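Should a chain be cited, it is by its letter among A, B, C and D, assigned in written order, with residues numbered from 1 in that chain.
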Amino acid sequence: MPDGHPGALLALRGISKSFLGVGVLHEVDLDVAAGEVHAVVGENGAGKSTLMKIVSGGYAPDAGTITLAGQPQVFGSPRDAQRAGVGIIHQEFNLLPERTVAENVYLGHEPVRRGLVDRRQMLASTRRLLDSIGETALPADAPVGRLSVAQQQVVEIVKTLALDARLIIMDEPTAALADHEVALLYRLVRRLQEQGIGILYVSHRLTEVFDLSSRITVLKDGRRVTTVPTADTTADELVRHMVGRELSHYYPPRATPQDIGEVRLTVRAGANRKLRDIDLTLRAGEVLGVGGLQGSGRSALARALFGVAPFTAGEVVVDGTPTRLRSPRTAMRAGVAYVSEDRKGEGIVARQSVLDNALLASRAVFALRSGRTARTVRVRELLAAVEVRSAGDQQEIRYLSGGNQQKVVLARWLAVNPRILLFDEPTRGIDVGAKSAIHDLVRRLARDGAAVLMISSDLPELLGMSDRMIVMRDGRIAGELPAGATEEDVVALAVGTVRETAA
Amino acid sequence: MSALPLSPARRPVPGVFVALGLTLAIGWLVVAIDGGQLFNQSTTVSLLHVAAGLGFVAVGQTLVILGGSLDLSVAYVVSLSTLVAAETMNGSNAALLPAIGLTLLVSAGIGLFNGLLVTTGQINPFIATLGVGLLLKGYLDSRYDGPAGSTAPALVQTLGYQRVGPVPLSFLLLLAVAGACWFLLSRTRFGHHLIAVGGDPEVARLSGVRNDRVRVTAHVLCSLCAGLAGIYLASRLGSGAPRVGTEGLYDLESIAAVVIGGTALAGGRGGVVGTVGGVLLLAGIDAIFNQLAVDAFAKQVVRGVIIIAAVAVYARRALRKADR
Amino acid sequence: MKRCLAAVAAVTLLTLAGCATDTPVATPSSTESAPAGAGTGEQSKFFDQTDYDNELALLDATATGPADKPWEQALNPTLVDTTKFKKAGPYKICFSNAALNNPWRQVGYKTMQAEVAAQGDRIKEFVHVEAEGKDQKQIADINDLLGKDCDALIVSPNTTATLTPAVEAACQTGLPVIVFDRGVDTDCPVTFINPIGGYGFGHVGAEFVSQRMKPGGKLLALRILPGVDVLETRWSAAKVAFDKAGVDVVGVEFTDGDPAKTKKIVDDYLQRYGTIDGVWMDAGAVAVAAVEAFQDAGKPVPPINGEDQLDFLKVWKEAGLTAIAPTYPTYQWRTPIIAALRILDGQQVSSPWKLPQPTITQENLDSYLDADMPPLHYAMCGCTDLPGYPQRWK
Amino acid sequence: MTTQTVSRRLAPLRRWNSGGILPILAVLVVLLVLVAARQPDFLSPPSLMSFLGRSAPIILLAAGQYFVIVSGEFDLSVGSLVTAQVVVAARLIDSDPSRTWPVVLVLLAGGALVGLVNGLITTRLRVPSFVTTLGMFLILVGAVYLWSDGAPKGGLTDQFRQLGRRAVEDVPVFGRLPYALLVLLVLAVAAVLLMRSDFGRTLVAVGDNPRTAQLSGVRVWRTRTIAFVLSGLAAAVAAILIGGYGGVSFQAGAGLEFGAITAVVLGGVALGGGRGSVVGAMLGALTLELLFALMNFYGVSGALRPSVQGAIILLAVAVSARRFSSR
């Protein structure tokens, strides 16, 4: 694997950028060789995304130079970057649900014959690209809106391939992928390498970083801390570089048998369009981990319990009384809270203040329970308790880092003292520091007698946090695992290589 | 992966044509019972003429709405272009082509202005085009105290009153323009980009689409269509009329026709075919009420109901699709 | 600092707009942006001296015809032969109406319907199509009516110039065409029926106001909309009168027929000039609002003209105004029916058929007041003898 | 075609106008200076009070429109609603004093009802409010003409009219206080308090991100429907004041919907929702009214006014857009 030699495919020198006088990047240097996977890691707010945006033409740097294959580049727009051969795969999808796969793949550079879009060729080449990555099943003329999350991710990747990019930036590409799809992504990345394409790989998941990259650059507070060959470093070392904390004391201690109390919630033969014969119990003081692939029904389960897409069959008992969780409101009244995996779309109210965000639930459902001032005081305490870092609680939440936004969302729910909490990927896209803070919080809630259901695609997190695990597959509970199960056990159940163990 | 059935994308002809069929059928029946006849030559011709006027504007409006914008200035653009055309022609066939050219130039200019306000000016299209409308209104009010100029006879005889069987030349022209727009949307980069911009500007931008350029172009085309409508009206009226656009309510009615035609007001979904259907539906209602000699106020009510009902139906559909 | 920029721009904008039209106030009908130096600004290009002279002459002409039926009278009639249209009844009469969107047209149309009813079985069918004030639609309507084998076609054009081609097309079918209210630029119709017209209306009001107000006093002209030919002729006649009388026209404003807007305008003018010595209107719609504005401001109501709407006549009586009400009588809606039947009988009719255009003055005011009719009813409807009176008009 | 997508389409536009009322205040001050320069006595208490009084209806309409817009919707039906209400009032009262107050109640109920229908169609049938209220606009106009076959009937009593027309005279300092102004003050305060209340905050949250609001237990459809009802009520009060001020006419409400929306946007409220203050909206309306008065004072040719108005609106909005898009 070539090291950063002068003939690097991409060479960044002294890149700096600041917004409204706040420095976000300070003189960052970085090289990517052809056929190299260069990982960039760092806490949120370390400047990763800004750097990526600069390389892909989203922002123009205040200072510094971008050189691509020896040619100095100035990117005025994403289009310029694409022309120069830089493709980017964003964390959240950039696809048009109303349009077909082909139309999405070639959006912005449709093949034209005699001035007209050549639909036949568009379909053909899209199919070819899909085949080249072994996605033969995916029809090029299906509207993207009808595809599964994973399939859409594939379309995203094909999109960059269609630009025959020389350098591909992958920003948290696996965030939405289930593990076996990650394997596919690995294959894909290898293929790209073989074609001599350089890859800038941004991820919070250190496993991937170690599996894929040949070099790793650590960013912290907008500065490059170090760039090391992957072979010569360890996860602990990286995390130290990123936050200056050992990886070991990462997960809080599990619940002890006496912590675990009475049954809070029971589901018998629960089912709806996405779920079948769901039987499960949640106990006070316990964290129940939910594993499984994307689309296996994990989120559907949480949404059913919160009344977003309710069970259409079966029985739900909350604290001993049969309850129909018809809507979020009824669920909340029954003491259920839900933290969605889509923080931007379903978690925060971006343009409102931190305080308003934290008060949202109490105002909506329990407005009459307590006096307004009392409520506000309490919420302020909670915000402090979860250690939200913000310029005062009147600051608009969109200016906070992902981790702090998530803390505000937590505070919102704590304010209505739920007895059953449903977390869907609570730490996705959150930096290491905030991650552990949230883990501690979840554990504390459990210890204080709440029943917690926690969905996670991040296996170490799942294994580290859960007192008990269920693994979903095809809308059913494929099996249950005790604490201390291994990643292999989970994956095996998730992909169905083993007999289902009776729950 | 997923068990979703992945049928290829179908872009079905909007349900508006079903509605149109039903309306005309029922209308024909009612009129027949009333002792009249809906589809005689003269009525059909009138219907198609009314459709043509609104049609040009609505087709243009479709483009901007598809692109996630809106144009409330069209009514004034129509009035202005009747005047520009008629005054430049001033009754002589010689000046015909220059006049048409000038008219289209002027309207294109206004479209450009709208587009720039919305894009570089970063003003909400609703307000921007409303403001431009006011600017034009002031110009028209202060400069004209009534019809002015006179249209070239050649144009009056052809575009204005010429017809093939029961189909006026103007309506054929409308079909041609609509066809061109359909082609533009489905077969050119601009079309693909426009729909993308309307569907999700951010996605379009990150895919290297020049959103602003696309939006501006859409606004120019929309105004051009309005200019065309103006030229047509000039050919019908034999002169320029400073109030014809506003009296015709072309701003709101064009938007109504577009949404009835199944184009999403949010942009990114729909097309000109549906719009033509919507226009014909509105014109059809006109014709039916004429035959029944029911006064226009009742028609207003019916129109209102139909607009809401139509869009409600589309919303249902979209919902069902989302469920799948 | 961008805001300052806006401020500056706003200032310039306003002052510019202000300067361009400050003193004397520009007339909206000026075809060039800069108004002429004196009086009420240059004359509208629609002003036609000969028409103007004719109409003013007609004001003093004596009408021929039954004295108690002004809608059958004609001023200086010039009879035309209509034998070629003679045919046996009962008839199907078709009417292409410009619009029904204001009280005047409503009262008129009801009067016409009543007239049709009064004619009994002579008319077997009366087809009415309304164009909602859209030239484009009325052209289509007329074309549509041509396919309905009508015996006679009555047209009340939405706009003179723009409806001419359609009316000509109608004439070519050999159908007797009768035009009323607004005219068309062609002689092809059998006759064109209307009262004396806009010049007369504008002149009478302007003469009265300028004579009663103190010489060189300040006058405010309130108009409905620009660009409506009928109203333009009224204003252009008024301008002549004001310039002749040397009246200082301090403002020409458009009210859109909106009473609230009218009151605001009058308010501000009172504040700006202290007193307004005369008010002229091109239509009566907002006359009452204008009067109220003076009353609410605690100022004496200056000489003013309205129209024959009952609400104005009522206020006039109660407040003892110095007022006059030139009219554009709604009884003219009866005449086309009468004319149509005469034509189909082959009788001679006058073309053009100029109806008398009475003026309501202090003297005859009481004879037109009628407490039982709705406030926006037009006194000059000539409908009291028609079937269904008064219910039909309430 | 859900309201969400509409707001999403307008989302980029949101960024452009931030909620601050500074820009509108600036414009207002500029206009005041211009008035003072030309017409000093305009600023004398009595005339100022009358001005505020006559501006009350449009200010109330702007406030009503604000509730709808900040929740991410449009209400194009208010203008026709005002017209309808005035005409209905005249016919129902029919110059009979004893009917005045009952009819006022009827009007308020009617306004609320129309708002309710708008809201339910928009939220329950998922029809974009632009279309819903456009349809309602046509329906109301047509219906009221039908009902009164084309010409307003009956008449308003002085009791009805005094609210919009009369004032408390000889008040120390102020000279005179129009009833309309008092009504405005009361309702304006109410509006401000409402926006500080739980409902108000929730309303803004709904306009900002309906999905999050719903998942936090907010009944989004209910909140938005209430916004429409409030707009309808505001239109009803405006109708009472306008009818009082001007009397019966089919023109009573013509074009007010666009006026109100323009005012709200001038006030720094973002179309698409989630941004802006009710105070800003009302100031926006006041600014528009002041602009009209200004043009009367400067003798701007009646025919040119739309241009001046249009130019100033575009300018103000563009500048505030620029000012706040710096990020």
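Following the convention adopted for this analysis, a contact is a pair of C-beta atoms (placed from the backbone, for glycine too) under 8 Å apart; a residue touches a chain by one contact, two chains touch by 3 or more.
None of the values given here were measured: they were computed from a predicted structure.
Chemist: Going chain by chain, each one touching the next, work out the least steps from chain B to chain C.
Modeler: Minimum step count, chain B to chain C: 1.
Chemist: So which chain is the furthest away from chain B, centre to centre on CA atoms?
Modeler: A
Chemist: When contacts are scored as defined above, which chain pair ends up with more C-beta pairs, A-D or B-D?
Modeler: Result of the comparison of A-D and B-D: B-D.
Chemist: Approximately how many whole Å separate the CA-defined centres of chain A and chain D?
Modeler: Once rounded, the distance between the two centres reads 44 Å.
Chemist: Just curious, how far off is chain D from chain B if you go by their C-alpha centres, in Å?
Modeler: Using C-alpha averages as centres, the distance is 30 Å.
Chemist: Please report how many Å separate the Cα centroid of chain C from that of chain D, as a whole number.
Modeler: 34
Chemist: Between chain A and chain C, what is the separation of their C-alpha centroids in Å?
Modeler: So the centroids are 72 Å from each other.
Chemist: Which positions in chain C are in touch with at least two other chains?
Modeler: Those would be 26, 28, 100, 226, 254.
Chemist: Hey, what residues on chain D touch two or more of the other chains?
Modeler: 145, 150, 301-304, 307-308, 311, 322
Chemist: Which parts of chain A, given as residue numbers and ranges, touch two or more other chains?
Modeler: none
Chemist: What chain pairs are in touch here?
Modeler: Once each pair is checked, the touching ones are A-B, A-D, B-C, B-D, C-D.
Chemist: Could you list, by residue number, the parts of chain D that touch chain A in their complex?
Modeler: Result: residues 14, 198, 201-202, 204-205, 208-209, 211-219, 274-275, 327 of chain D touch chain A.
Chemist: In the complex of these two chains, what residues of chain B are touching chain C?
Modeler: Contacts found on chain B: 40-43, 45-47, 49-50, 53, 140-147, 156, 160-161, 233, 236-239, 241-244, 247-248, 286-287, 290, 293, 295-296.
Chemist: What part of chain C is in contact with chain B in the complex they form?
Modeler: 26, 28-31, 33, 44-46, 100, 127-130, 132-137, 139-141, 143-148, 158-165, 169, 226-229, 232, 254
Chemist: For chain B, which residues count as touching chain D in their complex?
Modeler: Residues 68, 117, 121-128, 130-135, 137-139, 141-142, 198, 200-202, 252, 255-256, 259, 264-267, 269, 295-305, 307-308, 311-312, 314-316, 318-319.
Chemist: Of all residues in chain D, which touch chain B in the complex?
Modeler: 1-2, 5-6, 8-10, 12-13, 16-17, 121, 125-128, 130-132, 134-139, 141-143, 145-146, 150, 258, 261-262, 265, 271, 301-311, 313-314, 317-318, 321-322, 325
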